[in-house]
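We just call them A, B, C, D, E and F in the order they show up, numbering each chain from 1.
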Amino acid sequence: MKKQRRRNTVMPIIQMNLLEGRTVEQKRNVVAAITEAVVRTLGVNPDQVRILINELGVEHFSVAGQTAAMRQAAAAPGAANTKEL
Amino acid sequence: MKKQRRRNTVMPIIQMNLLEGRTVEQKRNVVAAITEAVVRTLGVNPDQVRILINELGVEHFSVAGQTAAMRQAAAAPGAANTKEL
Amino acid sequence: MKKQRRRNTVMPIIQMNLLEGRTVEQKRNVVAAITEAVVRTLGVNPDQVRILINELGVEHFSVAGQTAAMRQAAAAPGAANTKEL
Amino acid sequence: MKKQRRRNTVMPIIQMNLLEGRTVEQKRNVVAAITEAVVRTLGVNPDQVRILINELGVEHFSVAGQTAAMRQAAAAPGAANTKEL
Amino acid sequence: MKKQRRRNTVMPIIQMNLLEGRTVEQKRNVVAAITEAVVRTLGVNPDQVRILINELGVEHFSVAGQTAAMRQAAAAPGAANTKEL
Amino acid sequence: MKKQRRRNTVMPIIQMNLLEGRTVEQKRNVVAAITEAVVRTLGVNPDQVRILINELGVEHFSVAGQTAAMRQAAAAPGAANTKEL
């Protein structure tokens, strides 16, 4: 019962920022996997884990002052593989 | 060099809201587990996963208009019902 | 002038995460009602209350590792139990 | 039952940024009032309304490039009333 | 090496909420300018500055309980210039 | 009056996540510099730029599943390689 009470006050509310381009299946897989990871390490109920995905367009995320779109364009010539971007 | 550039633009960036009271070890475990979950399901490098923890005091989180502190007090021995918390 | 200066530094700034599907009228009603609630309880000017709405698609919010889309599908006629969603 | 299903997919998760200095009672009052406002205008259950308070120190909020602390200091000489800041 | 170590722990991760309507060029300019400002004042590497843009529709931002759309409509008759809105 | 109305609806609202350890002066400098950068590139009034700083402890930020505290410890004299942090 003490455990019950403790669980009642937990609340991982998780916001995940992702670049657009993932499939629905990938997004379902990642929220299932994160939820399992949180349940296992924090000892909470699955019901207590809420995840919000915020998907960003390639002009809406920058590193070093350059948007993802600029980086993708720079990486394009000859670059075989940008799928992880 | 190409790889370097690619790594710089990936995400995800994850923000996790937690009620205060977790140990350092628990917090280290949960970020390691979430990172592993994201790497496995999205196929990104571990370096690309950033997690920010936002710890909230028991007066700073409410469900149904009652703060966690109020709910914890209500759940003290003698209180019949904590299931909605 | 003193009043002008004071107004510039107050908050609150409120971010509300909503599943998509609300009408414009509903969204206008809820921000008006929240603003009134904050003004009344915190004693601030209406001008000091800023609200940002973040609307999430049904694949972008999950509870217990299941997205809202999965839960809506499961709750379709024939599904017995949706109370935990 | 349709109503039940609709309610199950709602989720106002609300984050409120406040300057530090409010009493516990004020914070309890404002989350109760916001919850009531959301329930009334969106037709959700109180249980579905989660509010997170993020309290900021006076050096951690700025308008026009000046922190609240700087504004409070500027407003101090002769200014009778800064309690709403 | 000390510098190396210091760089390793920094991380301005910046989220900027903007009303929709800016051009790609404006958004590229503002992230470049913010990055430069952070690098100059905090002494970090450009690579360490990540900026996420969250673009809001005119019904998704309110001041004083009125959405930007309502304010734009109210300001329209005879108002020559609303581009800064 | 028109100007007054227009000012009330503008943004941006910026949230900056920083590891703890900056001085007040550094934080004042960075918000002043960011504000100037935004005013210059987006053509808004300084009053329209609001910045919130969220300061994180060294156990509350992780890259690759390791908290900043773990990385700082690993980077202590004798540790060979910290460049990926």
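Definition applied: a contact is a pair of C-beta atoms (placed from the backbone, for glycine too) under 8 Å apart; a residue touches a chain by one contact, two chains touch by 3 or more.
Here the structure is a predicted model, which is why all the values come from computation and not from measurement.
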In contact with chain A and with chain B at once: which chains are those? Just list them. D, E
Starting at chain B, how many touch steps does it take at minimum to reach chain F? 1
Please tell me whether B-E or B-D has the greater number of C-beta pairs in contact. B-D
Just to confirm, which listed pair, C-F, A-B or B-F, duplicates the contacts seen in D-F for more than half of them? B-F
Furthest chain, CA centroid comparison against chain C: F
Chain-centre distance (mean CA atoms) for chain C and chain D, in whole Å, is 12
Using Cα averages as centroids, what's the distance between chain C and chain E in whole Å? 21
Taking each chain's centre as the mean of its CA atoms, chain A sits from chain D at a distance in Å of 26
When you check chain C against every other chain, which residues touch at least two of them? 8, 13, 17, 32, 34, 36, 45, 47, 50, 52, 54, 61
Using the contact definition from the top, classify how the chains connect: line, ring, star, complete or other. other
According to the definition of touch, which chains form touching pairs? A-B, A-C, A-D, A-E, B-D, B-E, B-F, C-D, C-E, C-F, D-F, E-F
Enumerate the contact residues on chain E facing chain F in the complex. 4-5, 7-19, 22, 26, 29-30, 32-34, 36-38, 40-42, 56, 61, 63-64, 68, 71-72, 74-75, 79, 81-82, 84-85
Give every residue of chain A touching chain C within the complex, in rising order. 24, 27-28, 31-32, 34-36, 45-47, 49-55
Which bits of chain F are touching chain B when the two form their complex? 17, 54, 56, 59-67, 69-70, 84
Taking the complex as given, what residues does chain A use to touch chain D? 11, 13, 50, 52
